[in-house]
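One chain, chain A, appears in both complexes that follow, with chain B as partner in the first and chain C in the second.
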Partner chain A sequence: MRAAALSPGLSDPATDAQGCFRALLDAMSRPGLVRRVPVAELRPPAPLSPAAAAVLLTLADAATPVWTDAGADAAAWLAFHTGCPPAASPGDAAFVLACGTPPPLDALMQGTDEEPHRSATVVAQVAALEAGRGGWRLSGPGIDAAHRLRVSGLPEGFAARWAANRAVFPRGVDLILCAGRDVAALPRTTAIVEEG
Partner chain B sequence: MSEDTASEVLDTAARRRWMGILARASASEIAARLRDAPPLPAHTRLRGPETGLVMVRGRQGGDGAPFNLGEMTVTRCAVGVGGAVVGHAYVAGRDAAKAELAAVLDAALQDGSLRPALLGAVVEPLAAAQADRAARTARKAAATRVDFSTLAVMR
Partner chain C sequence: MSAAPEVASGGTLAGYNFAYLDEDTKRMIRRALLKAVAVPGHQVPFGSREMPLPYGWGTGGIQVTASVIGPDDTLKVIDQGADDTTNAVSIRRFFARVAGVATTERTADATVIQTRHRIPETPLREGQILVYQVPMPEPLFRLEPRVAETRRLHALGDYGLMHVKLYEDIARRGEVEISYNYPVMVNGRYLMSPSPIPAFDNPKMDRMPALQLFGAGREKRIYAVPPYTSVRSLDFEDHPFRPGRADASCALCGSRETYLDEVVTDDRGGRRFLCSDTDYCAERRADR
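== the complex of A and B ==
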């Protein structure tokens, strides 16, 4: 009541969430390919991008603690529409929504060797995503030869941190990159072969 | 601080009362009362109206172990009015129009300038009608009461 204005969530919750889930499934199974989430009318509170908001609306629920650096308005909006409990620290969260610099990957829930799915998923908002030309060369499951993905807006030295995340396989976090209405994903199996 | 808290508690109690009265009234009853009321503010739908199931839980004897009594159909709606005010409604059944109307009224009733007129025109008449209905049902039930001590004397 005393918070800032809430904006509506997905206009057609069932169909829109299924469309977003399909886009995420494609992005996860073909790491490095950029997919667009079908949410033309979504107006999340600043600084959330439509893609990051749609990912959380699709995946988060009352059983997934969410940590975010996006501020009180965004946290209240997410809690209203998904019912997700706020996480006290990034290390307690099932989803980490980072609009600025993502927290250190090794400080997040890593899962266990018996239950590697009990790890965090990082939803990182970046400036731009471009597939196919330049940037990272990706390899791993779901990639035939190599995918190229250029990401602008991630901190320096992210590739080294990602390599450390990959070294603890089957544990480790998964990464969803969001820019505007575009999403791309790096599951923990994907290797960043080279930068440039 | 303490005055703020006290008025908030009062507000919560008053809001709980009008939300309950609106949830128990039918859509046509609310609409009929709204004809004599000031016009409702424009609103945007934040969530729903959407219908789902809610598990109703009970306790045997009021303080026993909780158990699941059964599921009931509930329609909920949340609307925004004028930026920062959010009205909520959870109503039994699947009447989406009623849920939306109750949510808009909840938002309007939070506005101090609209509250007296809406309470007088909508909420209080509905409360009186509901109390009347409850009293009538109670009288009907009371008429069928059996006094077991009388039976013992007759035997």
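== the complex of A and C ==
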């Protein structure tokens, strides 16, 4: 690993992380709405998108093991900027950063009935996010009537796996979808109905 | 050592990180906040820090606000509905100094509202964040003192203890004897303390368009209610929840709908009732 290969992280850690967190908090409390992370100049190593990189820079640190399929360059970049330890397997990770097909959701940390907050957060990089039309019809806390979200790039059958994740509430993982600089989130309470 | 604290450019206090807390602490609180939103009404433990004011003065709310607030926010702080009491003024001034944020007393102009024991009368809207200061996050603590046991009851969703308490109130007095901190069910799953807001304010929590965050500094717990989430005050079919208010009108603005504070005016039994929400009352008077 050559040190010169590392691109910078957040240029102003306090305000950039705050801006990213507010986008995430808004996304998580209004499931299915697409929000943009305010990191115009972030250039993470391939295959990381600026949004996925910003989520990890905002939330990960030495207390949160991270598992990723993004390759050695991305893992080294994240380790340098956040200090996050690598997780041996997806099941040990607080954050699962998936650029390809995400690991099975039921193999990740689910939390317990008494401590459901001790569950993994999946940061899934997808091809595109489009709110408002077609795709999924979402309902649950944070949603007034229904939110619509079209996600390009998740594997077939994801909605069924999500239904199984929702069925173990209050246990279960939470999902942050990233594409380019866009984020959308599905907390474990959100129900998906597929509508072409 | 009485020199004035050094002031950096932009009017904020030098020598502190933005919004006082260090970035590691904010990150830990932010992770807790996201999990709290994902499991509405569940209490998430967090590493509460020592703050420059004592427990009981809003340390939990301040830590949540510090982790959420940004340079573009406008902050309002209320204490029992009032913008001009010591606690509200000092917390507002604290964030003006350590974060350089704009502050306001107008509910409609605020993006982040930190509150002690009230929900503003002006309906909140999407995009606003209401941060409650919470002294005791555990709704069952007077009925079950063992923390390990209350955790298990929450895991099982077993809230029979609280139903029995309400039933015994009704059997003895004919009504539920809880006028503030009236327990609520969030999203039909978790029993939650709404913090010591008057029961009058409970209906405002139900499907509120704003995000509600709760911070308990001494008890080291954070919990949340996302927008448009069901919040139901516990009751029985034959004894429905009835929020109370003093049967009077505000001596200043004449409102008969708002929550009123009783003010004793002399030692011969004289009293007046005033709106507890000072901003709402002032706006009503200005409109007349």
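Following the convention adopted for this analysis, the second predicted complex is superposed on the first by the 191 of 196 C-alpha atoms of A that agree within 3 Å, B and C clash if a C-alpha of one lies under 4 Å from a C-alpha of the other, contacts with A are read in each partner's own complex, and residues count from 1 in each chain.
By our rule, a contact is a pair of C-beta atoms (placed from the backbone, for glycine too) under 8 Å apart; a residue touches a chain by one contact, two chains touch by 3 or more.
None of these values were measured; they are calculated from a predicted model.
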### Message
Is A:141 touching anything from chain B or chain C once the two structures are fitted on A? First, second, both or neither.
### Response
second
### Message
If we overlay the two complexes on their shared chain A, which of chain B and chain C does A:13 touch? Say first, second, both or neither.
### Response
both
### Task
Answer with first, second, both or neither: which of chain B and chain C does A:81 touch in the superposed model?
first
#### Entry: More chain A residues in contact [chain B versus chain C]
C
### Task
For A:21, select first, second, both or neither according to whether it touches chain B, chain C, the two together, or no partner.
second
### Message
Quick check for you: in the superposed arrangement, does A:167 touch first (chain B), second (chain C), both or neither?
### Response
neither
### Task
Could you tell me if A:5 is touching chain B, chain C, both of them or neither one (first, second, both, neither)?
first
### Query
Given the touch rule stated above, what does A:187 touch, chain B (first), chain C (second), both, or neither?
second
### Message
Quick check on the output: what are the common chain A residues between the chain B footprint and the chain C footprint?
### Response
13
## Note on the structure
Seen from chain B, its contact residues with chain A in the complex are 44-47, 50, 78, 80, 83-86, 110
### Query
If you look only at chain A, which of its residues touch chain B in the complex?
1-9, 13, 80-81
### Message
Going by the contact rule set out above, which residues of chain A touch chain C in the complex?
### Response
13-15, 17-19, 21-22, 24-26, 28-30, 58-59, 61, 63-64, 112-117, 119, 121, 141-144, 169-170, 174, 187-189
### Task
Could you pull out which chain C residues touch chain A in their complex?
17-19, 23-24, 26-28, 30-40, 42, 44-45, 67-71, 127, 151-152, 154-156, 187, 189-190, 207, 209, 211, 224-230
